[in-house]
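One chain, subunit A, links the two complexes that follow: it is found with subunit B in the first and with subunit C in the second.
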Partner chain A sequence: MKTENPKAWFFVLPVLLLVAFNALVPIMTVVNYSVQETFGNNVFFWQGLDWFEQILRSDRFHAALGRQFLFTFLILIIEVPLGIIIALSMPRQGFWVPICLVTMALPMLIPWNVVGAMWNIFTLPDIGLLGYLMNHTLGINYDMTQNPFAAWVTIITMDVWHWTSLVVLLSYAGLVSIPDAYYQAAKIDGASPWKVFRYIQLPKMKTVLTIAILLRFMDSFNIYTEPFVLTGGGPGNSTTLLSIDLVKIALGQFDLGPAAAMSLIYFAITLLVSWLFYTLMTKDDEQ
Partner chain B sequence: MKKRSLIPILYIAFLMLPIYWLVAMSFKTTQEILGGFSLFPQTFTLDNYRVIFTDPTWYWGYINSIIYVSLNTVISVCVALPAAYAFSRYRFLGDKQLFFWLLTNRMAPAAVFALPFFQLYSSVGLFDTHLAVALAHCLFNIPLAVWILEGFMGGVPKELDETAYVDGYSFPRFFVTIFLPTIKAGVGVAAFFCFMFSWVELLLAKTLTAVAAKPIAATMTKTASSAGYELGLLAAAGTLTIIPGAIVIYFVRNYIAKGFALGRV
Partner chain C sequence: MVLELKEATKVVRGITHIKPTSLKLEPGHFNVLLGQTGSGKTSLIKLMAGLDPLASGQIFLDGQDVSALSTQKRNISLVHQFFVNYPHMTVFENIASPLRVAGMAKSELEARVQEAADILQLGPMLKRRPQELSGGQQQRCALARAIAKESRAVFLDEPLANLDYKLREELREQLPELFAGRGAVVVYATSEPEEALLLGGKTALMDDGVVTQFGTTSDIYRKPENLTAARVFSDPPINSAQIVKSGQTAKMETGVSWDLDGAAANLPDGPYIVAVRPHHVTPFSVSASDVAMDGTVLVTELSGSESSAHFQLGGDGWVSLAHGVHPYEIGENHRFFMDPSKAFYFAPDGRLVA
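Right after this comes the complex of A and B.
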């Protein structure tokens, strides 16, 4: 049992100060911008909630939000099952385990813009490995600077390449913690592989899968650098996800008010969906 | 060989293909790259690497990145250690709310914070310093470090603390000589994650720097847009950014599976 100790606050104080400095001041700046209009020179006019209304009603925001949800949905529905399948078929011990873990973790340690640049080089139509194979060996017309569908396939494949390992490593950590006795008992009962998965492995992976799904949701919903480097949001606006659109409005057009209002709406959606996921996935534990 | 080991093999092959292509490109000359498709470098050259190691704007990019990443890792782990101890051992006013609030910072899109961060760090006179980037990355690394360390500390029985106090250990002495060695795997994993997320993040690092502390990834972006098609150079720079990560993973390879579960299996 944990003991009551108000002095524990002193232990938390440095963390609180550092994170508050980084979180509260910028968030207040954003809130401040979101209710004002400026024409430069640090002159501001009170605007009320107009920006919020404008953003929430704009077709451009709806389109970006729709693309963002589609992207995140596809990412979760591909990466989570794929990650589980790979984790299930990995060896549990021996020489190959560290090699698998290290090579699988590698993509996650590459700076995000390098990931974008790497996939750009990889998919160039005539001189990239994938682009060449598609266009010249398989005869499929593949050019993501022209074709929105190809651009979507490429950013999804890139994210699967980049982040499936997170799901693999988390699920694997859950799997290796299952004692052998569980499997022996299942064998004696004559359980099918599906039943072993459903009633032994899946429940044991639940905590780590919750973490995996939450992390994958947050990060794919906030993704900016990789698709920006790879497609720049194009062709047209077909891969302009929320972050990309936000940066276009804030730094490209320097519309600080609408950008700030959009930031807050964006952050609120991320928080709300994360909270929903979290409550849904931990609901059974409390009963 | 069992049939099911085919799946990890295929997956690893898929992971390695783009990396192979990047490395292969880095050994090609610009003429060869633009001249047409070749699976292996035909005229093997180290020129791209020579440019990076002799041009200060390139190699200082690496030094800058390493400086702020190390600084961030040290700061994050040092302040997260006592906080994680407090969360795992004590109940205090607002503890649950505080913990959740810390985690919400992990959810904030960096794009939201870019502009306010620029203004904040300019106004306190830290713009274009390594410390600015290191402090800014604390926003998402400290919550993560606290989360990981709290998981590992929760696995250490409370009797350890009590026995030490009975034996007359003061709190600082107990923490440094007994408790820290017990959770050293957790410290390693937390440091690994802080290193990883600080190393791969670019948006904030780029926003907060101009010349003196400019990260390698920003140097690359500039080259990509200004010099047109210096793909070989870009590939060489990209290849070199993979190496620090690879070295760090090698050191924590035995803890990596547990670490990814954040000690909560």
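Right after this comes the complex of A and C.
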């Protein structure tokens, strides 16, 4: 028989308070804005779900959301396989291990706005090293400030440079935890390198890869700083991702109601996709 | 199918793990590699399996030089001391994995897996994952994989070491019949002399990275070539003491002496080493020819059917192992009896002389 002790709730209380102040209270203020029209001097008018309807029906939101999904999709299909390939080719032991690990970790240690600024300067067609080389030495027309395609190539490349390491390091951690005995067993079974990857390395990496993909999804879906510094959402609106659009609405136009509604929709989408992905990936293990 | 090593060596970063070793292993019986931990059993198996490269020498499988052939192409099986199964696959898929790699047809594959599973009593577990099995079942799954494959050589690297006593006995009884009639060379590594004797066949004694003696298990047990071989093939370790032979008499440093007969009597006078297995040293006299010796009891162990006593005899620690329950007291001076007809005599350099 289970005995219940009501005192147990006291032990949960600190966590509840922390979560309340950390997450619930800020979210509730956003909810508060999203259902009202806000004027100065704390004057509010009830709007119901009008703002939500307006956002969900707006072409501007659809376009930004589309760009956001495209961006996240592109960086995921590049960074995940690339990260796995790099992790597989890294040495398991010896002198080069710490050097590889530190080199891999470096891009992640750079502050996000610095990454944006670095790539901005690097790719400027007149003074940037890459921009100058492309345009003047190789004769390829490349200008991320004018050409939307060049701008996309640049933000994708920047994100791949910045964040592939995360996938590499997590995959590597999964790989080194595989005991030699499995590789030996596979050799004895006569397995080819592809089979070893498919049936030993990949399953062993599954957990860390799930985490890696989840983190990369959330971070890339919420990305703001780097593209803001690099392209500022341009040229035109071509690289205006959701968060950049949100900031334009909230701080540029000071439309607090629609901005709050958009934040909640944005949050809901991130949460939903993460939850769906995580549930799908971990479903097998629970059986 | 014959597995043959010719002067095979293994060197890792300048350190010799396996000294030049020549062996000819045949099917039809167990080939036991017997040696203490660190004697090179696993190293030798990895060498034969092709998991580690040869530094020099050659390995032949059925006359074919496989020295440079990769493990994948040697068609062999290996069962580890640790239970190695693919954790995300079912038992069925685990047993089937080498067959799948070989591209076997579905119907034949299923029949082979079913047969191996039946032999090892895994029939009802085929849909489970390895971590849902007990230790003994996990190891049986690994064994089933080795059997289903019908490989040219099967290496069993202390496969029972991590099982509990009962399972170990049960599986050990089954092992010889599992591989009987399959035509594969079976190599079984163990550190327990008892296992070598129970599994029979041939035994290769290993010590410090080299096979010191190879032959029929019972021959080796009866005639260890040297003191090291005698020590490896005895559990508890064989008792030994320095003696001096003069005329027909052997005399220990402690003063214990006895008359020599047979081959030992014809040896030239001088220093020798006598060695006697623990069960030939008893706390009671068996025959009139037994040699009495007094020692200080250090440690005693009772297992119900047997009692053992470790005692100090001059400068050497000796062990007595006798049937029945014998009361000892730690620290007491106890009289033990040695059967001199069962004694081995070694030259000071360790060679068996009588």
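By our rule, the second predicted complex is superposed on the first by the 268 of 287 C-alpha atoms of A that agree within 3 Å, B and C clash if a C-alpha of one lies under 4 Å from a C-alpha of the other, contacts with A are read in each partner's own complex, and residues count from 1 in each chain.
Simple rule for what comes next: a residue touches a chain if its C-beta (ideal position, glycine included) is under 8 Å from a C-beta of that chain, and two chains touch if they have at least 3 such contacts.
Here the structure is a predicted model, which is why all the values come from computation and not from measurement.
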Which of subunit B and subunit C A:V15 touches, first, second, both or neither: first
Which superposed partner A:F149 touches (first subunit B, second subunit C, both, neither): neither
Partner contacting more residues of subunit A (subunit B vs subunit C): B
Subunit B versus subunit C as contact partner of A:I200, first or second or both or neither: second
Touching partner for A:F45 - first (subunit B), second (subunit C), both, neither: neither
Touched partner set for A:A185, first subunit B, second subunit C, both or neither: second
Which of subunit B and subunit C A:F73 touches, first, second, both or neither: neither
Where subunit A meets both subunit C and subunit B, residue numbers: none
List of subunit A residues in touch with subunit B within their complex: 2-9, 11-12, 14-16, 18-19, 21-23, 25-27, 29-30, 85-86, 89-91, 98, 100-114, 117-119, 121-122, 126-130, 132, 136, 161, 164-166, 168-170, 172-174, 176-177, 207-208, 211, 218, 221-222, 224-225, 229, 242-243, 246-247, 250-251, 256, 259, 263, 266-267, 270-271, 274
Complex interface listing, subunit C residues touching subunit A: 46, 49-51, 70-73, 75-78, 80, 82, 84, 86-89, 97-98, 101-102, 145, 149
Touching residues on subunit B, where the partner in the complex is subunit A: 4-8, 11-12, 14-22, 25, 33-34, 36-37, 39, 75, 79-80, 82-83, 85-93, 95, 98, 102, 104-117, 119-120, 135-136, 138-139, 142-143, 146, 196, 199-203, 216-217, 220-221, 224, 231, 234-235, 238, 241-242, 244-246, 248-250, 253-254, 256-258, 260-262, 264-265
Subunit C-facing residues of subunit A, complex: 179, 181-182, 184-185, 187-192, 195, 199-200, 203, 206
